[in-house]
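To start, the structure itself, in structure tokens.
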Amino acid sequence: MTKPLLEIKNLHVWFKVFGGILRVLDGVNFTVMSEEKVGLVGETGCGKTTTMKAIMRLLSMPPAIIPKGEILFKGKDILRMNRAELQQIRKEKISMIFQDPTAALNPVFTIGTQIQDAVRFSGKSGRKMKKDEIKARAMQVLKEVSLPDQERVLHNYPIQLSGGMRQRVCISMALVSASELIIGDEPETSLDVTIKDQILRLLKELVEKHNTSIILISHALGTVKNMTDKVYVMYAGTMVELAKTKDLFAHPLHPYSKGLLAAIPRLTGGGIGEGIDGHIPEYINPPKGCRFHPRCKQVMPMCKDKKPPLFKVSEKHEVACFLFQNFGGDCIDK
Amino acid sequence: MTNNILFVDHLEKYFFTYQGIVKAVDGISFFIKEGETFGLVGESGSGKSTVAYTVVGMYRPTKGKIIYKGDKDISQDSRERPLAIKKEIQIVYQDPGTSLNPSMTIKDILELPLKVHNISKNHEDRIKKVKELLEMVQLPVSYTYKYPSMIGGGEKQMVAIARALATNPSFVLLDEPTSALDVSVQAKLINMLIQFQKKFKLSYLFITHDLSLMRNVASRVAIMYLGKLCEIAPSSEFFKNPLHPYTQMLLSSIPVISDEEEALKPKKIISKGEIPSPVNIPPGCSFHFRCHKKMDICSCEDPIITEVNEGHTVRCHLYTK
Amino acid sequence: MQKKSLTQEELSRRWENIRRNWYKFSRNPLSITGLVMICIILFFTIFAPFVSPYPESAGKFINFYEASQPPSLNHLCGTDAFGRDILTRIFFGCRYSLIMGVTVLLLIVPVGVVLGLIAGYHKGSWLEIVIMRTTDIFIAVPPLILALAVCSVLTPSIFNAMLAISIAWWPWYTRLVYGIVSSLKEEFFVKSAEVTGASKIHILFREILLNCISPILTKMSLDMGWIILIGSSLSFVGLGAQPPTPDLGSMVADGSKYLPDQWWISVFPAFAIMLIVLSFNLFGDGIRDTLGVERG
């Protein structure tokens, strides 16, 4: 059993605001192995961006509070690392690709400056490189993301590039400083349909080529289908289902996953599914027990009191739902 | 024989900027039948939103005509249109965050169309109608005095729909109404829109870039690229037998989740290149740089629209006789 | 019956809004400091006749026995050349300063904002050109100089000083609102109102103005300090309040003759000016942080 690359154990994240405390993340468990492509799917407000920010320690500590939980990167807890170790991780091991490439790039610096900065700050080797070595690396990395005319791109400002090209630049910067893990926070959302496709395929190729792991976050199930090996489904701050991608699409188990899949419009026609009644709970006063129970059509009395742990239904398919509690095997408890 | 509720004739909308002339809409013609949902598809820069904004009166057409209900010429700015027309044509915008005034309560937002068109007799009547509108879109009546920032994206969009329907319109333009929303909220909203269409006998111009959604919503679909129409066809025909190379490229790149859908898509066409800047439109057919079926004539001559089948028109040299 | 219960709901919403804003405001200790300072100043200013140790000093009063006394337990800030208690005169002087600030704002804000709304909404038309170029002309002259110029033409008095400052200060509000309105008018909620057929008055004063309130309020709080400072500068050169009216600026001017020996006659009034300006600045920063962030 190889050790996981990244392991989030029982993470709780709360935010202190005007009306009280928002208990956003409620015991999140998440594992990424080496060279694995993992998808994280959840709708707006489910806490996926909060989880990712927690990994990179980008959350402003007030108002955010982390009362419980660990984030282990290769065995070491990121939440307890000192500044030097954290810097090393951010420089060399993990990096993030954000949703909006326009906001992620500094508008007053050229692309060349920004990529070269990324190269220079990407660790010990980066600092020792000479100017022309840095430039050569920047050109090489732009070539890898299939940007034509690299010399011209280096001199361009972000505003002179299209959305797709900007996202490619962001991906190249992520590649420079991530040797182990890339976190993509809905990288394709702000792009057009044909470009979305190109970017996702590019990301997949690069990740496989460099043997990096990737966490791909999305609110659309269609995005993760061809990109990932396994998928986590998140709802209101908890992981409700974990499965191999093929299994999730073929046999979704959790009522939420089922509802989500049914709501996706199909190219084959046949009308739109019903959607899921209700809306995501308020984190100030989250529902007791299973956070999905107010919207669940198959709710049982025990769902209102106890929080369901992840029950193992089969190898690599776990569901946090009492409907499956009789499926023996291990269950990962709080 | 159903009448046409809208007829757009060689509509052009140019924007004059210091970088050049942006031909956002460059000579498109189409009609929408009463009671139908007409779908308009395209990527960014295609001009689809500009078409909607021109029809609803936010822009004045540079050239061309827009005819409403057969005989009313509405090719003007909303400032010049009669109030009665403004009552009948409404629009729902893409981003609910910016289409609702953040400093006004839901009550104020929904009251405005009622006040402008004198729909209710007095203050009490108006409040009653506002609460009815909220119930109609399945929102709790307690939202009346909330601000938009206090409710979720999907709920804001439902308020936007309620606002559009407050004047009892006949024609509603929906500019990507669900693009900013999650899939489960989208389903709820679309089902609601379909119900309202039947109940209030509405005609829709539905714009989206999500082809799977379009398949389930529109009866006829038109696809635009850089300001011009590429293809118009009845919905099932459009998806089963796409003729224009751009349509084929778009259809082949949409993410689908089941194998049946995968089989329905045209053979994988790797989409090359980027959409050119609208100030710098390529000569001839504007799509030829990215086209996988390009011929010599495509780089010098712009094709004319030909009717290939009943109701199925294409603008492509492959099909001009 | 219906109308009453509606207003109740609305009122409770508004109260909650106020409480939320207070929560945000109170996060910053400096903003609270500013607020507390303003409250203290207001207290002493409003109740000046009752809390000042020697209320007679505020008017025509001469007492050469007590003249030019340094600060002591009897006279916490000392006395001036006429024997008047400086602390008392500071309290009364603050009155004039605050009244000046409030009056000037009441004059210029409605005018400046309305002009800015009209100019911003009609961007590109002759209306905008006329309004904005006029604004530019006024802004081109430094406010103090313009105020001095106006004052020197009129007879020196507090009212004329207020008038002069108003003439110098109104264009800043026009420019502020013009900037906001030019971008706001392209927003979809404005377009939606236009397309529905709302009247221009509604669009300007309900749709757009409501979204300008935060920056305007912030500017008003910060401006109080500036206006008081300019008013004091005008009095310093003799163009504002006339003797024996206690006015902070003229007190500083009068005392400057006696520096550095009888330093208390100038220093304490100057210190008072500084405290007033500081408190409004801190308060204004707090307002900006509270309201500014909310608009997002």
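A, B and C are the chain letters, set down in written order, and residue numbers restart from 1 in every chain.
Please note the rule applied: contacts are C-beta pairs under 8 Å (C-beta built on N, C-alpha and C of every residue); 3 or more make two chains touch, one makes a residue touch a chain.
Everything numeric here is computed off the predicted structure, so don't read it as measured data.
Chain contact topology: the protein chains form a complete graph, every chain touching every other one.
Looking at B-C alongside A-C, one finds more C-beta pairs in contact between the chains of B-C. Averaging C-alpha coordinates per chain places the centre of chain A 32 Å away from that of chain B. Look at where the CA atoms of chain B average out and do the same for chain C: the two points lie 50 Å apart.
Centre to centre, using the average C-alpha position, chain A and chain C are separated by 50 Å. On the side of chain A, the complex with chain B involves touching residues 43-45, 162-165, 192-198, 219-223, 225-226, 249, 259-261, 263-276, 279-280.
Only residues 56-58, 78-79, 83, 86-87, 90-91, 93, 95, 98-105, 108, 112-113, 116-117, 123-124, 127, 144-146, 163, 167 of chain B touch chain C when the two sit together in their complex. Those residues of chain A lying in contact with chain C across their complex are 18. Those residues of chain C lying in contact with chain A across their complex are 19-20, 23-24. Across the complex, chain B is touched by residues 2-3, 6, 9-10, 13, 187-199, 202, 206-207, 210-211, 213, 295 of chain C.
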